[in-house]
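Two complexes follow with chain A in common, the first pairing it with chain B and the second with chain C.
The block that comes next holds the complex of A and B.
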């Protein structure tokens, strides 16, 4: 048992798109940075950018190590002094959990550790012990049912459609319309007359494809976040053909107009087969087996115990960056009311503040780690050394 | 060492000043090898359901784990080895050994982690002994 209440715990949420880290008890993470590892090969002196999309590699590869070290450095703390609360995906396998525990105790020598599932933390952040958590983040969307603070077996489903996927759709769509997104580093804007700028292209050798793609994605991501809206009903080409275009100014001064794509891209969340109509994305093989968001929610609830189905329908929580998309909550509620059994009352809850939605997992961790009753749940170094790593499965159910 | 001693000394023992509310060692055929005083009466069909879930993980989740008159929600366990259930602030852990099932029922203030430790540690020991 680890009873450290003077020293505050560190809460770490390694997501597929951004990593969040900070002290327990605070209301927002202190360090938030992209989960991207840049490796420089000595021989060619080029920069490679790798996005740790798969949560598998998050824990396995040395890249995970680097990400964690970077994060701990940014927080300027010594891991030996602080108990660590790690947020893990709700579908994490026992092997990955053991690997994470080993990494924490052996390399970082933390005094105590606890692994909490993302869905449980989101549930706590909203003050509920039972809810259905729809976590739509960068790399994927996960739906998990939480009852009394524990994830129900078999009720977890994931879909590879997340923020990054939608950004890719946006990029491909713009490319097919002939818009060239110039990465931010490739040009400079000179003021030739007051108020008027001229763009000068810079030639920077030694930048790799992956870095260029990463920078273009950053621009496309911003476009997606500023202009996209979830349509009120399912997207149809004909209905939106004449929708007024919204202008968007690219960093290099070009102004582009975005019309039907504003609604088409977010609708991919609800109707993955739409992706086939975006030029350049037809090769997305998984779209046949991937269901839309409302179907996944219904499937997940159906796999749960009959007694709690009603409660789950009335407390559906939205979390994650992609969940901040405009009108998502309203559309999801509408679709679910149509598909849910008659007697069920459907309520989708989302925190109004988009910061809270993005960081709800981290905030839940902050709340959990500062509870007095939580202090006895820590898996301490002494226990790890005495009983081995497999005890993590027992202490952190 | 009789089975009753296993239950009294090793399952109902004090761990960090808490102990289980009830425990039992039951054969996979439904026969009780030993049980603590407050262990609930259960039906043979419930044991069969539990064995079925160990053989094919996931069958109990939609229905729930029944033991006696109590229903537990099935949460994440270890397929084929451990079933964990929750009911309000308490719950149950069932560990499968070669020939038996070890039950541990806990309530507040004991934590699920502590119950898991007690039940599963004894289970591992029995498996090592061939039981």
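The block that comes next holds the complex of A and C.
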């Protein structure tokens, strides 16, 4: 590596759906696990599942602490020996950053720390210093403009529609059609004859509602990932009423047919008001104020300085798990070309590999932390002790 | 080749089967053992010219090197850091001596030199009603932190300021400081208004919706059309009418300038371009200004319309032909039927001239081909081409009257082939029919 110098830094990306951790310099995180925390109440031996949806709770509550501890244990490392690069959301407030820094230095005693914004890391992962990053992850979708390696904070916009939301839509839609999704733990398949299976229902007492929901969601998200496709044009009920159904086999053996929902659910990204038509989801309150992806992109670019708009239009990056949805890139490009002025050439980029799209934030962190010229930017423990935690704002822009 | 070899098919359809057997044998014999045929084919089927790696070398050369090299995980410091954080990395240790010197990447730690001012200097040179001391201090702090990336500075600046204001203040302060310290003029000062204007225009361009852009494009296309039609009518009018002696480009240019400004009100085509001529104040024809037209004016308009596709030289030739025929360029008694016949005549002459020109071209090509054909083998395409040439030339020749043969010869460059073709009545009938269809 020409510009590289490994110092065995650790890159941590605590996302809203999965957490990724691994060594800098590698091309994929070693530890990927869901951002859920199970807590056992001392009163009864029940498990609760809490999902870290809000970034506040990432750094505030003990849950975040537990997540981090778990992660570090999985990696089998001693945090005292390794500098840490943390990926943080692009809209993180200064207070949250300071809390995170305190946590890392006091509890884990890391020698050096750096907080980098997700959008910047994604941009670096694709080799660009200036781009517009559309990060469509589990919990939310964030659009941020990066210029010369810095996030333009006035141009950041988020939408609560993310992968989890689409999974919920899928679940509700299937429920309304009468399909019962059995969580994985609730049955066992016995082979009575070669090739033929019989499902036996198990009854496991003391499973909580939240765990059941979590397991059901896992099945629904698998359905979503395998079957759903973004339609080429805006979704209309009439147009897709006669589309051929796709079969999908659930883990317990029953086969379901999915027709128009294949296209309807991903189109929620582009047209959030579609959510109202899904039975069971009408209570989604924010759909009036939330706009679709192309509108958010254009709004974000318009808030930036006129000199860089053209460059932003021609380097729009897609990242996140939901960005791996089929045809998302083509549809987004098409919609943007219609809305954008003709003087700007619209180009949406996404790495072909779905692993790279999911972990692009982590990969960007890996690249950054293993660069020789980055080693002077760490916020070290000595600096923390000398100048206090607020110095992090200066050191990690 | 290789695929056929694999399939066992004969390599060439024609050579005898005896060739097939020794050839595959030769192929396989040439391929060395131990190397797959496909890998061998990657190099182009030939052995490498130079030995790449010799296995004997790999086995022999162990530790005959003089130096002892090992890699160790050692701590390091960097001069680019202000604290003495010690990180660890792999270091190539030669003979037990770790490398000395600064961290190799420390030399990339470059930053922008932002001028610093003292309180005195601020009070003397740098006070500004629009900027407070704190803001200026903050600005310079940000400039240093963000290496003069003004877009990011504007994004993060706590007070609401545009990029242009920040730049303007920074450059003004720096310029004043440099001037006060060492009096040399330096470059052109930052022109804030120009920048603001430029940026505003750019944002307008970039935020136009599709409909606006389409409308703009339509309007521009219309303007272009109208300009072109005006140019056509202008140029031919000035050439044709013997009344006006003006044909200078200047009047035309100003006329066009006016026409562009009036484009929203005019959607006329060239044949009915009468009103615009009245609006051109630069043409000194007083008749026109009073909207009085000669009877021949309409005729001239139609002549220009007919001539507009022709070009100046052709128009002159048409006029020349008319004069040679003894016809006035402008009919003496411009009644309706007379004018109609005059126009008809002009059109026919135009057609004549066009056909003559085509004839010339074809003849030139034919003669070129004839010259070339001595070198090449005669094949059917050439013959048919010449046949086409001859066939196309026959109707051209037949239509002309006897008195025009001489003129034709005079006009054509290549030696004619038709002086022997008599204009027989049936042939002459055919072109007449063509011409009546033209009229």
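Just so we're on the same page, the second predicted complex is superposed on the first by the 390 of 397 C-alpha atoms of A that agree within 3 Å, B and C clash if a C-alpha of one lies under 4 Å from a C-alpha of the other, contacts with A are read in each partner's own complex, and residues count from 1 in each chain.
By our rule, a residue touches a chain if its C-beta (ideal position, glycine included) is under 8 Å from a C-beta of that chain, and two chains touch if they have at least 3 such contacts.
Everything numeric here is computed off the predicted structure, so don't read it as measured data.
**Student:** After the overlay on chain A, what do you see for chain B versus chain C, clash or fit?
**Tutor:** When both complexes are placed onto chain A, chain B and chain C end up clashing with one another.
**Student:** Which holds for A:306: it touches chain B only (first), chain C only (second), both, or neither?
**Tutor:** both
**Student:** Which partner chains sit in contact with A:393 here, chain B, chain C, both or neither? Use first/second/both/neither.
**Tutor:** first
**Student:** Between chain B (first) and chain C (second), which does A:372 come into contact with in this model arrangement: first, second, both, or neither?
**Tutor:** The second partner, chain C, only.
**Student:** Answer with first, second, both or neither: which of chain B and chain C does A:150 touch in the superposed model?
**Tutor:** In the superposition, A:150 touches chain B and chain C alike.
**Student:** Just chain B (first), just chain C (second), both, or neither: which does A:94 touch?
**Tutor:** A:94 contacts chain B only, not chain C.
**Student:** Would you check which partner chain A:8 touches, where first means chain B only, second means chain C only, and both and neither mean what they say?
**Tutor:** A:8: touches chain C, not chain B.
**Student:** For the three-chain arrangement built by superposition, which of chain B and chain C touches the greater number of chain A residues?
**Tutor:** Of chain B and chain C, more residues of chain A lie in contact with C.
**Student:** Could you say whether A:204 touches chain B, chain C, both of them, or neither, answering first, second, both or neither?
**Tutor:** neither
**Student:** Could you pull out which residues of chain A sit against chain B in one structure and against chain C in the other?
**Tutor:** 147-148, 150, 152-155, 304-308, 376, 394, 397
**Student:** Would you pull the chain C residues touching chain A in the complex into a rising list?
**Tutor:** Residues in contact with chain A: 78, 80-85, 87-90, 103-106, 108-109, 145-146, 149, 151-152, 154-156, 163, 199-200, 202-203, 205-210, 213.
**Student:** Can you tell me which positions in chain A touch chain B when the two form their complex?
**Tutor:** That would be residues 1, 94, 147-148, 150-155, 303-308, 376-377, 379, 391, 393-397 of chain A.
**Student:** For a test of understanding, state which residues of chain B touch chain A in their complex under the given definition.
**Tutor:** Answer in residue numbers: 16, 57-58, 61-64, 71, 73-78, 84, 86, 88-89, 111-113, 116-117, 120.
**Student:** Which residues of chain A touch chain C in the complex?
**Tutor:** Contact set of chain A toward chain C: 3, 5-8, 83, 111-112, 147-148, 150, 152-155, 302, 304-310, 338-339, 341-344, 372-373, 375-376, 378, 380-383, 386, 394, 397.
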